[in-house]
């Protein structure tokens, strides 16, 4: 399809989101049916106990699901909604939100992501999300 | 209960969250079974089309649900997860996340919030969320 | 609108669902933006501990949300999905799934329901759900 | 662990659920971290258009997630809740609900399932779900 998003276009779209810039998000992988978004666990993204704030995780879920869906449906998509489940405190150096398309039709993509905290000595899934991305218009 | 959270304590907890300060969130109402969290729709919280970013909405859902649950269960709570549905683009001057407890047991509170964009000429529900808050320990 | 569903039509639609007949579901209230679906807690709808099975609750959530959305959008709708949170064991004589539309646009309705167990001495919310209903075509 | 569930015990638990017997559900695979539950698309499980009713899918999601979580946490678990997304009409001969544990802690298991309709000429994912299973007591 002519409107398939390239990794370069995906990076431009993310860069055009002021909120994603504020959080320092970057797309580290982008291919058909898959997108990975990463965020450094900066001091100003934490909650009161020193963990990455749940709202940063939910932002990363929302955005990585949308980019994964967009990798198949094109840029003109919206996120209908998603559900996120938190399993562990988000401790580590970098949050990696790894999203993929489970299944899609011509107008909708059912997507999931794992929210993984990466540290120098390994990584752990701390949360996971699922949502549907819809083609607009 | 001696560990019931006062509005003053709730404000202190929010203030101790660096990410909430980064977003300029404030608690504007807090009582038994109910919490309202507000955020100005600043330029740096938008997405590429000029709407408030979905990640800001999901942050506000997460945090307002947690404070509503905490208003009944006390400060020692965690958010198990939540589901958010987006209905409209988030356009307006202020986001008001209005959370309440639907029902609770001794250890869990089932909470909901409406995400409302307030503008000079009125307000609109743009999204809604539901989740469960659990007492720790 | 000419395609607004009457309570009589809603009852006919439910009656045309073999699975709803198998469960003995009936619509007890139906108006613009609201639908109530009830099910007797028959022996064959229970799980191994004698509570109403979670699958009966999730059926009632799914269907009551759809009827509530249809009460505004018309009969030609589909349920995009929903999230359900269980709070208590479902004990009682009758399950009452009380759904309403939180907010709607021309093509989508954001709906919620409370799943209430009714007994001779009162009633209790045992679960709650939220989902989006979409106009087809 | 002494309380690890065997496939035989899982089948007994399912058999002790009257609602699962009513639907003709059976466990066709059960191992550590994974459970598959199947249901024949009988006439009395359909909705008004001849598709398998969404409530049958949500039952299968609920139960397969619970068995997957129980395969790791033991028999004494409850389902906190789940989110289900419907992608396609459920057409086919058999519903296969394939659940697995994404990640678990000592007390909680984050589980997902794909809801697959199997027909003589192939199979299709028609919906997917995600939820958290919690150890009781």
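Lettered A, B, C and D in written order, each chain numbered from 1.
By our rule, a residue touches a chain if its C-beta (ideal position, glycine included) is under 8 Å from a C-beta of that chain, and two chains touch if they have at least 3 such contacts.
Treat the numbers as computed from the prediction; the structure is a model and nothing was measured.
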| item | value |
| --- | --- |
| Of all other chains, the one whose Cα centre sits farthest from subunit B | D |
| Winner on C-beta contact pairs when B-D is weighed against C-D | C-D |
| Where subunit B and subunit D are represented by their mean Cα positions, the distance between them in whole Å | 32 |
| Inter-centroid spacing, subunit D versus subunit A (mean Cα positions, whole Å) | 27 |
| Chain centre separation (subunit C, subunit D; CA means) in Å | 21 |
| Contacts with 2+ other chains: residues of subunit C | 80-81, 83, 85, 127, 132 |
| Contact footprint of subunit D on subunit C as seen in their complex | 13, 16-23, 43-48, 53-56, 58-63, 66, 78-86, 127 |
| In the complex, subunit C residues that touch subunit B | 83, 85, 87-88, 102-105, 108, 110, 112, 114, 124-125, 127-132 |
| Contact footprint of subunit B on subunit D as seen in their complex | 80-81, 83, 132 |
